[in-house]
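Residue numbering begins at 1 within each chain, and the chains themselves are lettered A, B, C and D in the order written.
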Amino acid sequence: MTNRKSWVYLNDRLARYLFISSAILVSLIILCIIWFVGMQGLSTFKEASILEFFTSSKWSPDNGKFGALTFIAGSIGTTIIAILLGGPLGLAGAVFLAEIAPPWVRSIMRPATDLFAGIPSVVYGYVGITVIVSFTGKITDSPTGYGMLAAGIVLAIMILPTVISLSEDALRSLPRTYKEASLALGATRWQTIRRVLVPAASPGILTAIILAMARAIGETMAVQMVIGNSPRFPDSLGSPTSTLTSNIVMEMGNTPFGSTWNNALFMMAFILLIIALIMIILVRTASRKGAAR
Amino acid sequence: MKAHQSDRLASALLWVGASAIVMLLVAFLVLILGRGLPHLTVEFFNGPDGVRGQLFNSFYILFLSLVFSLPVGLGAGIYMAEYAPKNKLTDLIRLSTESLASVPSIVFGLFGMILFVNMLGLGFTILGGAATLALLNLPILVRVTEESLLAVPRSYREASLALGATMWQTLRKVILPTALPGLITGITLVAGRALGETAILIFTAGMNVSRIPFDVNPLAAGETLAVHLFAVKSNPLPGTNADQIADGTAALLIIMVIVFNICLTIPSRWLQHRHQGKNKA
Amino acid sequence: MPTRQKFDHELEELRTNILNLGNMVNEQITDAVRSLINQDLELANAIVVKDIALNDLQAIIEEKCILLIATQQPFARDLRKLVAGFKISIYLERMGDLSVDLAKVTIRIGEEEFIKPIVDIPRMSALVQEMIDIGLKAYVDEDCGAASEMSLIDDQIDKIYSGVFGELRSIMMEDPNKVTQANYLLFASRFLERLGDYCTNIAEEIVYICNGKRMDLNE
Amino acid sequence: MDKIVVDKLDLFYGDQQALNKICLTMKEKSVTALIGPSGCGKSTFLRTLNRMQDLTPSVKISGKITIDGQDIYAPGTDVVLLRKKVGMVFQNPNPFPKSVFENIAYGPRIHGESDKKRLNEIVETSLKDAALWNEVKDRLHESALGLSGGQQQRLCIARLLAVGPEILLMDEPTSALDPISTMKIEELIAELKDKYSIMIVTHNMHQASRVSDRTAFFLSGDLIEEDVTSILFTRPAKKKTEDYISGRFG
């Protein structure tokens, strides 16, 4: 019995150490990523100027011109389009699922949005190339249709599941009493949704939007396939341009590791990483505000 | 009366929005499957440009990445849910997990490239791809594990501990079995995402397929289906029927995602059902 | 912050009813003794009739006590107050019956001339009524000290009673013709002595309310 | 014989004092009820007795609790053994999502019993002791979550008995149950009293008065009064107790 006893206790302690070391390992990974990618990226500025990198749109590495503004603008532009298109539609879907959908509709729509999330991004890119570019070509009156609008539309579809599921969770996690109280006061369902539920769930909805933005700005393959991949500053919605991600994919294979050009691509990745980390901090503040209320 | 009208109008609009979302999905599926299904022939898999190798690599890399990430992800998730005291260290771990979850996959890809391809000098390998892919899985696994465990009522823990069980016994015999459906769903999610991941693998596992069928050598380069689709669609090799291959590959990917969803959600539903028993009021 | 307002209100109502009952008993005793002294048969008959109202009031109090115990489930002092109130109401009802018995003595004696001056009976009745007054006041104020005061008065009543008892016994021995009326008068004083005992019981209940202890004051 | 002796127990949540110099003794094979308003510390107190309070972070305890003469907060105390000896029933019935049988066999199993025959015996006697055997003997292998609330709570008690405790701590065991189930649990407590020492927290003063031998009244972390139940409910010594039990609190 004593033997068994100490065995049981030993197991308990071992398991505990195992779990905590796993947790610490996870934290070490992110630090490693920041360190490695950061070091590689920042070494760009041994030869290129920081100011030029962020303010010039002249990207001509062969001639020593490292202006990444085009890519930054492309990333931000596509993300904004994606949020403008996908945000309201996703929110509508979330409100619908949380408050309006009869159970049978819900039981169809939930798995459907989950499936949306499961579709690989290359498949989105594939659909973008095969269908969406010809559509955007007509709208923007450009010969190919490749460009920010096409990328924005693809991204809008891709962020739908994020927006829908997180916003729906936020709406559903509201106490039932909010809704009941409002309905009991004689408010219509829509008034309840607009004046009580959505404002109350706003921290969660904001979180959903920010995470969707994070996903959109970091998305690579789908964007790369429809953006046109031309290092031209995006002056119209329908002209080919590039984003941070698409340019990395395009050029990474052709540059020797350790060259300034290559390092500049790592710098772009580092920018993406920093943006992602900022988003996380935003999300944390948003949810903390929500909790404080 | 105005309130009622706007109520009805809003409802109608929301119905329209929701149907648009569903229609969009249906259109996606019809488009992809409609274009791709006719190409899914034996030739498509086994022919000279067949995707047999890519299909195998997809699952092989997925399998390896789960082997790497599951123990750590589950362990960290369990720690966060069950042990973590409220202190700075826990906060830091939580922040790191969240940050890791938000890292764009291309950044993972570049990180994997520095670490495995250049620093360790492995070149493009299945091993490097799987290990990097594991990093993508990790934060989701941690979060899913933590959430599934936290969804287990506190009372189960108290009951078990109050009966004189150790924490580990409680975890193994009560909490983990109860959380199993949630865990399985989470792992499905991770697997589905990993299966379709491209950006990471381009820079770590490369875009070549071994000539040997079903090559399990982890140090060989291994192009997956998703990477293949990207390759043929964005840089079509002249002289191949690239469009047909792309159509077929896209359809195959979608079918894999659907099958995956179905295969892994059914057992978890069944588990849930068995666990909760016939719940009469 | 006032809590249990409804219950407190009901307890107050119960107390008022018990006070009313006590006052009715007091009146009955006064009237009974007066009817005896004045040989007022009409008044005596009225007392018998009034007893019905007294019994009804007691029934109401009893019902109320049962209801409060069943629905309010009181503890501690509330419980003791209720139980004591219940018992006091029963004692008072008995006292009412004794007043009726006194009135019946009046009726029995009728117009017959008294065999002796009626002095001690009014004295006893005055003491009994004093006890009732003190008792009711003590019940309202939950005043433990009043109990011992009451038992002192009861001692006086007992003393007078034993005096009266001796006196009437010698009258009966001297003149057999006077036995009947002497017996009636003996009954009357006996009733008054019993009334005193009931008052002592009331005093015991008051002690119970105050500190939850049962005490025998009839020693 | 004194089963539990609590001496000058202080408990803090962070800076906030939740229990203040509690002194209480409990006799073997008796029922002690803890009453008091919400947040008075009675549940907290109960949970110090099997050190479930250890699970709450930032709790500090001083003072001494001895069970069978042993200081349960002494360094080196085996908490697992302590909890085996001092069992606990919770406010809401909390059976595991397993079968009736597995629920009860859980405790013996984690303590090393693997003999199938012995387990069967333990399950049967525990269910009988918890007055549940007749109701569930035909459905031992069905999910425990299919039982009614009252049955679930008795199952939790049976699960506890299967571990072989000496003391049963019950934290408002009937607050989630209907009156009939409540009565059944109360009957059960009366029967269990012959074998176990029971401490029960309850919000229902009538329950306390029905089931317990002694009652302790807690108020904002203080033990105001502890006495024989019949005395405490008819003539409490302290004004605060009087006010509380007669519903005139505050």
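Convention: a residue touches a chain if its C-beta (ideal position, glycine included) is under 8 Å from a C-beta of that chain, and two chains touch if they have at least 3 such contacts.
All of these numbers come straight from a predicted model, not from anything done at the bench.
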**Prompt:** If you walk from chain to touching chain, how few steps can bring you from subunit B to subunit C?
**Reply:** 2
**Prompt:** Which chain pair racks up the highest number of C-beta contacts?
**Reply:** A-B
**Message:** Among the chains here, which has the CA centroid at the largest distance from subunit B's centroid?
**Reply:** C
**Message:** Just to be sure I understand: the centre of a chain is the mean of its C-alpha atoms, right? Then which chain's centre is nearest the mean of all of them?
**Reply:** D
**Where subunit A and subunit B are represented by their mean Cα positions, the distance between them in whole Å** = 16
**Fill in**
Separation of the C-alpha centres, subunit C versus subunit D, in whole Å, is 52
**Asked** If you average the Cα atoms of subunit A and of subunit C to get two centres, how far apart are those centres in Å?
**Response** 92
**Touching two or more other chains - residues of subunit D** = 80
**Request:** Provide the list of subunit C residues touching at least two other chains, using ranges where the numbers run on.
**Result:** none
**Asked** For subunit A, which residues are shared contacts with two or more other chains?
**Response** 9
**Item:** Complex interface listing, subunit D residues touching subunit C
**Value:** 205-206, 209, 233-236, 241-242, 245-250
**Prompt:** Where on subunit B does subunit D make contact in their complex?
**Reply:** 85-86, 153, 155-156, 158-166, 169, 173-174, 177-178, 275-280
**Request:** Within their complex, state which residues of subunit A touch subunit B.
**Result:** 8-9, 11-12, 15-16, 18-27, 29-33, 36-37, 40, 89, 92-93, 95-97, 100-101, 105, 108-109, 111-123, 125-127, 129-131, 157, 160, 164, 187-191, 193-194, 211, 214, 217-221, 224-225, 245, 248-249, 252, 257, 265-266, 269-270, 272-273, 276-277, 279-280, 283-284
**Prompt:** Any idea which subunit B residues touch subunit A in the complex?
**Reply:** 3-4, 6-7, 10-11, 13-15, 17-18, 20-22, 24-25, 28, 31-32, 35, 71-76, 78-80, 82-84, 92-93, 95-100, 102-108, 110-111, 113-115, 118, 135, 138-139, 142, 166-169, 171, 189, 192-193, 195-199, 202-203, 226-227, 229-230, 233-234, 246, 250, 253-254, 257-258, 260-261
**Asked** Of all residues in subunit C, which touch subunit D in the complex?
**Response** 1, 3-4, 7, 73-80, 211-213
